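What follows is chain A paired twice: with chain B in the first complex and chain C in the second.
Let's turn to the complex of A and B:
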C-alpha cells in the first residue's frame, strides 16, 4: 500500500505525459498511446536491469543525466521557438511535416514513456517481483484513462510543439524530484554556485579589478552575495523556469495573420480576435508546466526524507596528538552510518566524521566542504547531503576531495580502531573551512 | 562561387548565428562540468589551446560585424525611400507590404496622417509618414558592444601573457627587459570614493632608457611598455640579519613578504639552512594601517624544519636575541606584488561595457516613450504600394495603417478590392 502511494505521483505524471502527447499529435492518437505505454514498460525493464548491473550511484547517475538531457533539449526548443516567433526565417517546414507523421510521433511518445518508466522504476522496492508488474498494469490503465480524457477536451485547446516539449519535460522533472538521487535542482544549485564563484573570479582577473582589500567593504558585501547559496538557488530557478517562460513568450509573440488585404474592419477584427484566442489557449500547457516545475522545486527543497545526523561526540587527542576512535565501542564504526565527532584543541573546534563506505573502506572527513559554509552533512540512502547547498554526494565518492565533497583527512586503521593526527585535523579545518566561512560572509 | 559566398554571408549575418555559437560553447561547458569542478577555468584553458574553438569564438564578432553592416544598409535604404528616392526595396525591409490599385493623389491621406500625429513628407510619387524615434542608434551601439565584447574575449583568451613580480621602494621597476625606472615611493591612503577603499600610488622615476616619470594607481591600471600594471597584494621587503648557533656565518639580505593585511603570515627561507622564519605584521596600537603609516613592527616565529624554536617581535631597526639566535630587522620597505599583464582585449571589453550601458540608457526610454513607426506609400504606374513597420507592439500604428489602406482603396473607387497580401502584421 505504501509503495503504491509512493508510486502514485509517478503514475500521474505518466498519465499527464500521455495526455499532452495525445493533444500534441492529434492525428496519431493510437500510435502515441501505444508507443508511450510500450516505452514505459521498456523504461521500467531497462532501469531495473541497470540498477542490477550497476548498483548504486552509476545507475541513478545515468537516469538523472537522461532526464537532464531532456531538459537541455527543452532549452534548445525554447530558444528556437522564441527565435521563430520574432519572424526570423528558419527552414522548419520539414520539421512541421515530419511531426505530422506516425514515426516521429511514435518515437517522441516512446522516448517520453521510456524516461517516465525509468524514473518510476527507481522507486520500486528492490527484489519484489510483483511490484513491477503492478506498476505496468497501473500505467496501462492510466494511459487508457488519459486517452478517454483527451477526447473530452475541446479541439480548440491545441498544444504547440514547444508547448508539448515543455509539458513532457516539466512532468518528468516533477517525477524525478520525488527521488533525491534523481533530483536535478540540488545539483544545479551547486553548479550555479560554482559557476558564479568562478565567473566573478575570472571577471576580476580579466578586467584587472583590484582584490577585495582595495574595495569598499559595503561594495564587497554586495559582491559577496554572488558567493552565497542564494545565488545558486535563484540561478537554478532562472535556469529551470526560463525555457518555459520563453515558450510562453514565443507563443505570445507569434505573428498574427495578415489582415491588411481585407477591407472590412469588422472582419479584420474578428480574424485577429480568433487568432489571439487560439494563441492564449496554446499558452495553457506551458502555464501549467510553470506550476509543475514550481512544485518539483518545492519537493526538491523539502524532500520527504529523514536524514541520519547524529550529535557529534566530543573527543580529545592523546599527549602525542593522536585522536583514537575504537572500532567497537559506544558506536559501531562498521555499521555503514555516519559517525560525527567534535575535537577541541586550543580554542579551535573541529567537526569531523568517520564512515564506512559501501565498498567496505573507512573514510575520515571534516563535517564541511571547501566551498560552502560548514553547516555539515546528513546521511540518506546511498548519499550524504550538504546542508548548506543541498548537494547530494554519493557514498561511493565520500573521501574524494573536490567540489562539495567533505574534506578528507589522512588516517590510519589499526586492529583496535581509527587513528587520526590531531594537528592535521586542526590545520585542515583552519586552512579550508574557516577560509570558506570568511568568503561566504562577504570577505570581511 | 558567388552562391557559396552569398550563403556564407547569409549564415553569418543571420540572427541565429550568435545564439547557435554560444549554445555550442554552453554544450562544451556542460560536458566539461561533468568531468571537472572548475569547468569555467577549464573551458578558458581549452579555448586558449584549441584553434578550432578560437575559430568558433571568432565567428561571433564576425557575425556581429555582418549584422552591423546589414543594419546600417537597411537604415540607409529606408532613409533613401523616405526621401523620395526609392530604388528597389528588398523584402524584409518593412514588416508589411500591400499592393493597391493606382491612386492619383495622396493629399487626403497626408492630411489624415498629419492629424494622427505623423510627420509626413510628400513628393513626386511618394508619401512617407513617421512617428517617434528610430531605435537604430541604440541598435548600432548594441551590435558594436557585442562585437567589442567577443573580439575582446577572443584577443584576451588567445594572446594574454602575464608575469608577477614584486615592486619594491628603492628598487628598479621589474620589467621583462630590465632597465625600469627606480620606484621612488609607494603610497597608500584611505579612499574617499564609493568604490575603492584604498588609493595606491606607485611613483617611478625616469629611467635610463628614456622613459619619463610615471605614476601607477589601482584602477584603471596604467600601461608600462605595453603591459598593464596590476597591483595584486601588498607587503614589505625588510632587510634582515639572522644568526643561529649552528649557522655561524649567518644570513643578511632582503626578503619579500606578502603580509597585508596585518595578521597575515608569510615565511622566509634562510638559504642553505633548515631555518625558516614566519613573519607577520603586528597590528598598530592606534588601529591604523601599518602600510598606510609606513612604520611597521614584525612578529616572527623561527622554525628549524618543522620544529618551532622561538617566537617574538622586532621593530624595524631593532634586534631580537635569545639562546644564541639573533634576528635583526635593519630596514623595511613597502612592496606591491604586481602582475604585469599584456592583454589588449581588456580595452575592447571596457569599450563594450560602455557601449552596453549607453545602448540600454538610450533604448529603454525610446522604446517606452517614443517608439518608431513608419509608413511609405509609393505611386507606381499601375498601382500603389504601401509599406509599414513599427518598433515595439505597434497595435495602434497597425490600425492607422489599415485605415489608410481603406482610404486609398475608397479613393481608387474600388472599396471591395482585394490585393494579395505580401506581409504579416503583428
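Let's turn to the complex of A and C:
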C-alpha cells in the first residue's frame, strides 16, 4: 500500500505525459498511446537492469543525466521557438510535416514513456518481483484513462510542439524530484553556486585585486552575497523557469492571421478573436508547466523523505586525549546509520559522525565539509545530504576527502570500538570548518 | 423566393397560468422589415424576445436563420445572440460611465475583439462623428438612440430587433432614426422586426402584424 502511494505521483505524471502527447499529435493517437506505454515498460525494465548491473550512484546518475538531457533539449526548443516567433525564416516545414507522421510521433512517445518508466522504477522496492508488474498494469490503466480523458477535452485546446516539449519535460522533472538521487534542482543549485564562487575568485585573481585588509572588511561583505546559497537557489530557478517562459513568450508573439482583406468588420474581428483564443489555449500547457516546475522545486526544497539526523551525543576524551566510541554501546555503530557526536575541548565544539558504509568499513568524518557552512549532514536513500548546499553524497564515497564530502578524520578500529585522537578532531575542525565558516559569514 | 429568416409554427409562451403568446405561425423572409403592433400586454415584446433568443418558448417550433432555437443550449443561444442579432431598446441601456465610442466597443468586445477605428466609423455612419467622446448623459435622446443603433449594427447582425426604439423620442428625432434605419437596412440587408405602438412608425416597414391578447389577428403588407 505504501509502495502504491509512493508511486502514485509518478504514475500521474506518466498519465499527464500521455495526455499531452495525445493532444500534441492529434492525428496519431493510437500510435502515441501504444508507444508511450511500451516505452514505459521498457523504461522500467531498463532501469531495473541498470540498478542491478550498476548498483548505487552510477545507475541513478545515468537516469538523472537522461532527465537532465531532456531539460537541455527543452532549452533548445524554447530558444528555437522564440527565434521563430520573430518571423525570421527557418526551414521548419519539414519538421511540421514530420510531426504529422507516425514514426516521429511514436519515437517521441516511446522516449517520453521510457524516461517516465525509468524514473518510476527507481522508486520500486528492491527485490520485489510483483511490484514492477503491478506498476506496469497501473501505468497501462492510466494511459487508457488519459486516452479517454483526452477525447473529452475540446478540440480547440491544441498543444504546440514547443508546448508539448514543455509539458513532457516539466512532468518528468516533477516525477524525478520525488527521489532525492534523481532530483535536478539541488545539483543545479550547487553548480550555480560553485560557478559564482569560482567566477568571483577567477575575476579577483585576473584583476590582481590584492587580498588587503581594507578590501576585506568592506568589500567582502558584498562579495559574500555571491558565495551564499541564495545565489545558487535564484540562479537555478532562473535556469529552470526560463525555457518555459520563453515558450510562453514565443506563443504570445506568434503572428495573427492577416485579416486586412476582409471587408466586413465583424467577420474580421471574429477571425482575429478566434486566432487570439487559439493562441491563449496553446499557452495552457506551458502555463501549467510553470506550476509543475514550481511544485518540483518545492518538493526538492522540502522533500517528503525524512532524513536520519540524530542529535549529537556529547562525548569527551580520556586523559590521554583518546576519544573512544564502543561498537555496541547506547547505539549500534554497525547498523549502517549515521551516528553523530559532540566533542568539547578547550571551549571548542566539534561535531562529527561515525558511519559504517555499505562496503562494511567504518568512516569517521566531521559533520561539515571544507566548502559550505557547517550546517551538517542527514542520511536518506543510500546517501548523506549536505544541509547547506543540498549536495547528495553516496554512502560509498563518504570517507573520501574533497568537494562537499564530509571532512574525514583519522581513526582506529579495535575490538572494543572506534578510537579517535581528540587533538586531531579539534585541529581539523579549526583549520577547515571554522575558517570556511568565517568566509561564509562575510569575513575572511 | 427569398430564404425565411424567421419561421415559427404554433409558437407559444406561457408564464405560469398566463398565456402571453398563443400558437402563432409566422414566416419572415430574409431582408423584410416587419412591424409588430398591438396594445400593451398583447405579446409583442414576448414575440420579439423569443425571436431574439432572449427567452425560450413554451411550445411550438422556432427557427431563426435556419437554426432551431429550441435545440440550442444556453451557450449556443448566447452565441446566436452574439453573432446573429442586434437589439435596439426604448431605454437605450447604454453604460453611463462609458463614452459613445466605448459603448460601441463594448458590443465588439462581447462579440470578438474591440476595434476603435471601426467603432468610430460606425458612429460617424449614424451621424455622431462629433460626439465620440461624450458620455450618454451628455447626449440627447435621439443621439443616445443613434449610439444604440451603432452598437446594434457593429457586429453585422442578420436580424435587427427594435423594441419601441422611438417610443420616447419627439417627432423629428423619430423621423431621423427611422430614416437612418431604412438607410442602414438598404446597405446591410438585415431583417428588421420593429415592435411599436405608433402607426406612423409601423408604416415604415414592409409588413405589419397585429397582436391582441397573444393572438395574431391581422397580417398586412404596408410598404412605406
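One rule holds in what follows: the second predicted complex is superposed on the first by the 409 of 444 C-alpha atoms of A that agree within 3 Å, B and C clash if a C-alpha of one lies under 4 Å from a C-alpha of the other, contacts with A are read in each partner's own complex, and residues count from 1 in each chain.
Going forward, a residue touches a chain if its C-beta (ideal position, glycine included) is under 8 Å from a C-beta of that chain, and two chains touch if they have at least 3 such contacts.
This one's a predicted model, so the numbers in the text were calculated from it and none came from an experiment.
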item	value
Broader residue contact with chain A after superposition on the shared chain, chain B or chain C	B
First (chain B), second (chain C), both or neither touched by A:273	second
First, second, both or neither for A:431, with chain B first and chain C second	neither
Partner chain in contact with A:318 - chain B first, chain C second, else both or neither	neither
First (chain B), second (chain C), both or neither touched by A:403	first
Which of chain B and chain C A:49 touches, first, second, both or neither	neither
Interface residues of chain A shared between complexes with chain B and chain C	265, 268
Residue ranges of chain A touching chain B (in the complex, touch as defined)	72, 76, 79, 83, 87-88, 90, 191, 194-195, 198-199, 202, 206-211, 213-217, 219, 253, 255-263, 265, 268, 402-403
Contact set on chain A toward chain C in their complex	264-270, 272-274, 276
Contact footprint of chain A on chain C as seen in their complex	83, 108, 111-113, 115, 118, 154-156
Parts of chain B lying in touch with chain A, wherever the complex brings them together	14-16, 19, 23, 30, 33, 37-41, 44, 95-96, 98, 156, 191, 193-198, 200, 218-221, 228, 230-234, 260-261, 339, 341, 343, 346, 349-350, 401-402, 405-406, 409, 415-421, 423-426
